[in-house]
């Protein structure tokens, strides 16, 4: 069996079924997945409503709920980086060794490819963070687009009200 | 009489009559106000034309002009912060203790509320920084929207020409 | 049974038996432990030889080796912070909620106490990171002072040679 | 003959014939030019496709190709700065003394003027970085808008594919 | 009468009678003093025990206690800066215009002189921050070396215990 | 003939004959050398007296004085980096491609080796920056330890007085 490890990068604002689909795709190819929460330091903004810790819990709870063994996944929040190359180097430095990078983000593709990493596209077609945030703000049937554990956490941190408040502000131009 | 202290946050680009209204509102509720100049490190940009020091002087001159006693106000410029939580912690760490946060900014509301601060809305309806900058750029009757001390300072630093130059650049797409 | 969660902070250069002792102490008191790897961004220096990712693996492998359930621990690397208050806020923001802070570091005690966290001392008397690094550099019976999984990882990354090289340089004054 | 030195600032994404025109303008006025590559730390983004090192080579190769003597030019990449004033101070601190600043950027004009530097406008009308990036993405006759050495470097780093990938992502909203 | 303004820089860990002496020296020469609290972002460390906000209050309370008019002084905390030149530029940018720099720190002298500021030495011989911190840690007649308002504030924030804890840690090698 | 390029890293406080020896060693092995000025953002401190720009000029003037062709060398100042991995990535990103790293610094050796770069030691035995700074401070026959162009520049920026002032301060404990 493969012993490869895959890196899966995302902001997870919030962690939705498209992300879960991506994680499962990596675990079909690889023995383990390292899930990197990027922009972990940004929160309480319209496009970044949840904290790094809240997003860590969304991912962790999904892994526990799916019954994935602890050996098969790591979850690493990566915060502030002052430059594009610093971001790459921090991700590499904070994580266990990986053999492939899975991402739907063309900037990440371009960056990691230029450092000779093997990059595979995983932009799940199921949904996007932006769409999910808009559904939450509209309280419009958003729960089916996130794992049940994400929905539970959003309620627990009073997240619907938070997303609504931040979206309204953004629409008004702050 | 109350001994509460209120925190009043704003960018003050420039300090206008809506801000002054906010400060007076805090001083009606509280024994003292701590006025935090946020984004103090950003200047000479279309949406951030004035330096931290220029904005400090706008606020200080308004306080002196109103004859508010030195015991009743503090003015603290807060510059660069690499993350949302770092911003909150820096504000708390740089200021005297406060019991309430007054702000019109939904991001600040959301952030300070999540750390269990008591937050009160103060978005004055009088005007906004954006509108005042546009009036300055157009030299369109802008002086009535700022305290006289702000108008004086803007003239003293050749601010009308500066705002005009920076706005034109922004309109041309830089 | 308790549902409290404890925060356990350390640099883990390397993760040694005193740290393991600390983690076990937290797990006796609390339902779960959040292990924060501080200064995760510093490596390849005499007092900081291992990368954030290497230290993450030291801690993770120890948890797996002890058979601790995934629900009971989290491991969060925290990197660069530009200020003391920013460090506290980043730790709080990147982690699940916690009820107590366990640390042997007086600066961390002082800092978290000043923000009204409940802080408990855990400076294990078993050993210290400095002593372990010196033993590694001297190849002097160092393995008994670290969990077997740490020893394995240090060998796998050619860590003895690295520690030796960096210590010599420091002794020579760089 | 003059012994003045001129500072010429730009992002050079990529270095095009308008920039070359600017450098030549400075060299008509001054004994030497110091070419500062700003935002050197940003790359692999739609508006910032090339690395600091790639842009350094674009400028260096153009100077060599024109046969300008090494005494007459310096090329200094300037990366991350956390604030507007820090940017100015870093530029001043990293470069040989200069007597004039040449720039087409109104923010740079406003900033350096406010520190009492002599600023001269050089927005060449020939083209802009944005237009050149769009032509590269469309593979539309872009080579005539850059020096031959820039075209060669863009091909050598597989830059057409990179610009295309990053532009598509930006158009899709990332 | 003079309309000059003097800049007075210090860390104020804590604000002691030597600092007060310095401020009074500036106010003999100048119409006003701008007191800059440097390293405002560092606290809860052996050599930096007090927060920026606590030091702000030490200075402010001393000014109020002396009855100095609000027109004659400003107090500006300056936090993190990523470089030596950035520090200078931030100080200049955050403060009202000044004509002279007063400091006892040779690095500050060297730096500001190199940017052509007029620098005057003010290393008061009365005491130093280091000596005062040692006296506080030893509870050895420390109060006579600080203004009464500083002593009051140190007691109010339980500062003696803090300084003691941090000094012990530093002596033990942390 | 070889087309290899070598990276040569140093702080150059100041650029001395040991550094020059190192550059010549690289040029014997390689077609070109990229000279990286590290810690370019630190200056006016006892161990870092000269600015990035002053050190750039020291290196550039030495290259011109030796008559080395412009094709064969590049000089790149690298300033602030918030982490060890970010430093490596910034160096790689700001420079033309290189095939080997030449350095006398064990931390740099360890870091670049861990990223699989080919690292060669070049700690010239001729002298060290520390020794040269001490000789300058003592005005003790220092000129023979630096290239004539370095000596000239140090005099031109009044560097002897600067080094003396900063060294005295360091000896007094600041």
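Residue numbering begins at 1 within each chain, and the chains themselves are lettered A, B, C, D, E and F in the order written.
FYI, a contact is a pair of C-beta atoms (placed from the backbone, for glycine too) under 8 Å apart; a residue touches a chain by one contact, two chains touch by 3 or more.
The structure displayed is predicted, hence computed values, not measured ones.
Asker: Spell out the chains that contact chain D while also contacting chain E.
Answerer: B, F
Asker: Look at both sides of the chain A and chain C contact and report whether the same residue positions are involved, with over half shared, or different ones.
Answerer: Since more than half of the residue numbers are used by both chains, the interface counts as same.
Asker: Pick out the pair in D-E, A-C or E-F whose interface repeats that of C-F, meaning over half of the contact pairs match by residue number.
Answerer: Duplicate interface of C-F: E-F.
Asker: Write down the chain pair with more C-beta contact pairs when B-C is set against D-F.
Answerer: D-F
Asker: Quick one: chain B and chain F, Cα centre-to-centre, how many Å?
Answerer: Using C-alpha averages as centres, the distance is 45 Å.
Asker: So what's the Cα centroid distance for chain C and chain E, whole Å?
Answerer: Centres of chain C and chain E (C-alpha means) sit 35 Å apart.
Asker: I'd like to verify one number: the distance from the centre of chain A to the centre of chain F, where each centre is the average of its C-alpha atoms, in whole angstrom.
Answerer: Spacing between the chain centres: roughly 42 Å.
Asker: Two-or-more-chain contact residues of chain D, please, as numbers and ranges.
Answerer: Within chain D, residues 41, 43, 51, 79-80, 82-86, 90, 92-93 contact more than one other chain.
Asker: For this entry, which pairs of chains touch?
Answerer: A-B, A-C, A-D, A-F, B-C, B-D, B-E, C-E, C-F, D-E, D-F, E-F
Asker: For chain E, which residues are in contact with chain C within the complex?
Answerer: Residues in contact with chain C: 41-46, 48-49, 51, 79-80, 82, 162, 165-166, 168-169, 173-174.
Asker: Residue numbers of chain C touching chain E in their complex, please.
Answerer: Against chain E, chain C makes touches at 82-86, 105-107, 109-111, 114, 130.
Asker: Spell out the part of chain A that touches chain C in their complex, as residue ranges.
Answerer: Counting only chain A, the residues touching chain C are 40-41, 43, 51-53, 56-57, 60, 63-64, 70-71, 74, 76-80, 90, 92-97.
Asker: Touching residues of chain F toward chain A in the complex: what are they?
Answerer: These residues of chain F touch chain A: 80-86, 88-90, 92-93.
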